[in-house]
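Structures for review follow.
The following pair of complexes shares a single chain, chain A, combined with chain B in the former and chain C in the latter.
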Partner chain A sequence: MIITINGRQCEAEHGEFILDVALRNGIQIPTLCHSEALPGLASCRLCIVEVIENNWSKVVASCVYPITSEIEVVTHSEKIKRMRKTLLKLLGARAPQNAYVRKLLAEHEVTPAARFQGDPDENCIMCGLCVSACDKIGAGAISTVYRGIAKKVSTPYDEPSKTCIGCSACAGVCPTGAIKVQESHGKRIIWKKEFELLSCAVCGKPFITPEQIAYLKAKLNQEIDEILCETCKRKAAGERFAQTCADLTASKGLLR
Partner chain B sequence: MTVEKNSQRILSYTRDVMAGYPREQRFTLAMLQDIQKKYKYIPRESLEQLSDHLGVPLSKLYSIATFYKALSLQPKGDHVIRVCDGTACHIRSSMVIVDELAKILMIKPGETTSDGKFSLETVNCLGSCAMAPAMVIDETYYGKVTPSRTREILNEYGGVDCE
Partner chain C sequence: MSESNRPKRTILVCCGTGCLANHSLKIYHKLKELITKAGVDVAVETYIKTTGCNGLCEKGPIVKITPDDIAYFKVKESDVEEIFEKTILQGEVINRLLYLDSVTGKRFKSHKENDFYKRQMKIALRNIGEIDPADIFDYIERGGYESLKKALFTMTPESIIEEVVKSGLRGRGGAGFPTGRKWKQCAGYNNYPKYVLCNGDEGDPGAFMDRSIMEGDPHSIIEGMAICAYALGSNTGFAYIRDEYALAVKNMSNAINKAKEAKFLGENILGSGFNFDIQIVRGGGAFVCGESTALMSSIEGKVGEPRAKYIRSVEKGLWGQPTVLNNVETWANIPVIIEKGGEWYSGIGAPKSTGTKVFSLVGKIRNTGLVEVPMGIALRELIFDIGGGITAGRKFKAVQTGGPSGGCIPESLLDLNVDFDSLTKAGSMMGSGGMIVMDERTCMVDVARYYLNFLAEESCGKCLPCREGIKRMLEILNSICAGKGLAGDIELLQEICATVSEASLCALGKSAPNPVVTTIHYFEDEYLAHIRDKRCPAGVCKELTTYYIDPENCKGCGLCLKNCPAGAVSGQPKSWHSIDQKLCIKCGNCIDNCKFHAVKIR
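This part shows the complex of A and B:
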């Protein structure tokens, strides 16, 4: 079906989320808690848009709003801009010194409200993307604990988790860089747990924990004979591909 | 009683609770409530056992246990006193009741007496606004509580030894 975003006609599948359609068509909607690899959380609320249907307008979170009819979407109406500013003001109050939040505030021309005295050491905006990533990857080592103003992300009993595999996916998806990972001398410390780091067989960069290897082996149900970092793995695959192409050209006498 | 023996009993009771429900994730809260009812808190052993049994990560159970005010991870006294501090009770001076109880028991809300007899808590509403200020000890409700009545009520539970 065809939907209209900011006056532009966009092709969309039934049930697709507005945000995905917008991004595919190069229409920018600000987000914090969105990751393409994970389901929408609708917790940061920055991706709010106005949906106009049957002359009625409503504000929805575009990352979780499924398209079921030929709607009209406005991503930067005056109302949305005003609401987004308020949301950013609150985020700024939560994590006043966070570099990324400050950047967003500047981009949207929001001045932090003086009456909010946030904790200068706070970087987490409680979006829960890290928890979602940890669940998806399978370890499920972290979760949100307590409630209200005491709510935070933590391992059970605030202790080093037995199930954490040290993959640092949580830190990787965190939009504000709130999760601290320390890496030095072939060791990684995350969530108070220390991991040994294994090195890439080619470039020698320490990058993966033995727990991750064991987890991958169990999940893929196969042996992992060579430990390669992402860059070297890509390089090896590229070389293999180039070799195959060269072989094919040579054997069949094909010319480009 | 030794620590191991106590731990064994907890594990055995948790097994009984788990046997009473289908092995499905949606019964998590019901199971936790049963354990809470028996021990007045959720022992760590129980939480770990439940995690294995249901195949739910421990972090998720810990999240539930810390979210609900009716569940506790800290051991409680033999009798749990919950004083309502909802709007209706608050304007009828529920804090005076809390202060009085705190003075008699020599503990602050959220704490347990050193003899392990009483725990004092405040809650946001007991749903008994008509009899404000209200409090509940274990499962017995007391309405229109006055500071002078508190000691009397505590006596029903064996009173306070440490004075």
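This part shows the complex of A and C:
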């Protein structure tokens, strides 16, 4: 079906999310908690847009709003811009010193509100991506605890979690860098838990925890005989690829 | 049934939670004991039942005697013997225990005579206080399950839904969505299984109508759900009941079992071939669990948090299947609508808010408790005629409707007709029907702060506008109440309200600004007094209150002196008393006790 975004006609499938259609058509909508791999959080609300249908306008989160009829979407109306600024103001009040948050505010020309007492050590904006990532891995080591304004991300009872495998996937998805990962002397500390690090068979860089290896083994259901870090793995794959290409071209006699 | 034509004489002791707290169980046992004992030589046909909540809790425990139609209020254990001897044995009425109308000073023999009951019209509460919820035959005797029979054997699913559409019934749980339309939409999806759910989470502090129906008339809910299930082709229902409601859980499960034994639930209901069963799920213990998507997550065994709801539950609800969720009170209306017809029902109440609504009147009002009145009743009638007006001779200031995220309605709108749309137009909402009456000694900034505080704890905390917006609004309100309000605070509050009310994920966040928006709208002066003049006109915010005694009015009675815990008041009898500001701890005892309005607030 055809929907209009900011007056432009865009092709959309039934059930597709507004955000995806917009991005495909080069229309930018700010997002914070959205990740293609971990969809559906809809917690930050930065991606709000106005949907107009039967002469009736409503504000929706574009990352989770499925298109089911030929709607009209406005992504940057005065109202939306105003509300987005207020959201960013609230974000700035929560994590006033966080570099990423400050950058976001600056990009949208929002000056932090002096009225609020922000915690200078707060970096987490409660988007929920880390919890989703950990759940997706299947570790379930972290979750949100408490309700309301006290809600936070934590391991059970704030103690080192039994199920954490030290993969730092949580830290990887965190948009604000709120999850601290300390790595030194072949050790990694994350969420108060200390892990030994195994080294890459090629470059010797310590990079993976034994718990991660065990997890991978179980998941892939096969032995892992050579531990390679991402860089070396990519390099090795690249070399293999180059070799294959070379073999291929050579075998076809196309090399002069 | 008695052998004679006279209906059996019955003593009804209210054992709702309010009356239970006032030892009604002791009264019940004592009465029963006396009657069994005397039963040997005195032939009085009397039996005792435990009935659900009567509504007039403040005046409990309540003991009613039928068919004499006598109602006794505030009965004490020590009154039982007298009731037995005089009323039961000799048919004499004990004047002292009759209802005393606080306005006219008259006493009423029947509970149906006094203003509190007289102006009411009971549909959802039709059986409350009249039947024993543990006895299914009581319900059947009063026409119970006739509507289910009628639906099963004389109506088609379409005609049932049509009747509910015609009735104009709108959901009593808060949003006021037309019930018939919801059923019709769900019926339109050809996707099975379908689920029928009852929302008995009742998280609004101060509201207890749903509890009282689940405790006092559980079969009316079961019957309503079964009728809907038949119309939709659903075989499974869930009753989600607030975890703290132990008696409601007990009475509901007992009723479900009894209904199954009697073939009103279960396999092949009444031989019709239709199967429907209801399971009870205990609530997740949070206010937000009453929200429809959070409730469904909770039933599915997940965390009770709302989720984006752009596809409606009638299409994809519980476990992704078509689902109808209705509130307890909504369900209780259904059997009556099927019995008497949608048209009959739509003739009651207001045009776009048909039928009756149960309100729980609480706060600074003389008669507190549950009232069921036709929609469209004027606020004034509800508060002054039925509620008996404000206590302690004070002035009415505002009424808060709709639960924690409702709004405050001022005196100038007392003639407002109470229905879904006019409450929304006034910036508040119907919510579940909670009404908290406030008098002149209430500070409206403090009220907004109070509700925001509740919401700050009860929001699920998942989405940014609701969580951070509430937190920052609360921060501003706290500082205003502490005398640290700044110019621009009102505008900043309004800015946050505007965003939270539209950008939040669920209706909790969307309605959370209401207490702030309405208090600013109707009582902006009070905000300004706090912010600009550093003064709390109601004398509630301690940092902003100074009490003084006006020599003009002071009679030197010394009541203020006697009640001051800080020894701040001095003065000789019969001469002007005064307050030492350095000692005053701003407790307000002096102002609350002075009979001559001599204590003033600066």
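As a working rule, the second predicted complex is superposed on the first by the 253 of 256 C-alpha atoms of A that agree within 3 Å, B and C clash if a C-alpha of one lies under 4 Å from a C-alpha of the other, contacts with A are read in each partner's own complex, and residues count from 1 in each chain.
Everything below uses one rule, namely that contacts are C-beta pairs under 8 Å (C-beta built on N, C-alpha and C of every residue); 3 or more make two chains touch, one makes a residue touch a chain.
All of these numbers come straight from a predicted model, not from anything done at the bench.
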Partner, of chain C and chain B, that touches more residues belonging to chain A: C
Chain B versus chain C as contact partner of A:S161, first or second or both or neither: first
First, second, both or neither for A:S199, with chain B first and chain C second: neither
First, second, both or neither for A:C44, with chain B first and chain C second: second
Partner chain(s) touched by A:S77 [first = chain B, second = chain C, both, neither]: neither
Which of chain B and chain C A:T144 touches, first, second, both or neither: both
First, second, both or neither for A:R94, with chain B first and chain C second: second
Common ground on chain A, meaning residues reached by chain C in one complex and by chain B in the other: 144, 146-147
Contact footprint of chain A on chain C as seen in their complex: 286, 288, 307-308, 310-311, 455-465, 467-472, 474-476, 486, 488-489, 492, 495-496, 498-499, 502-505
Chain A partner contacts - residues on chain B that touch it in the complex: 44, 47, 57-63, 66-67
Interfacial residue positions of chain A with respect to chain B in the complex: 134-135, 139-147, 155-157, 161-163
Of all residues in chain A, those that touch chain C in their complex: 40, 42-46, 48, 59-61, 64-66, 82-83, 86-87, 90-91, 93-94, 113, 115-117, 125-126, 128, 144, 146-151
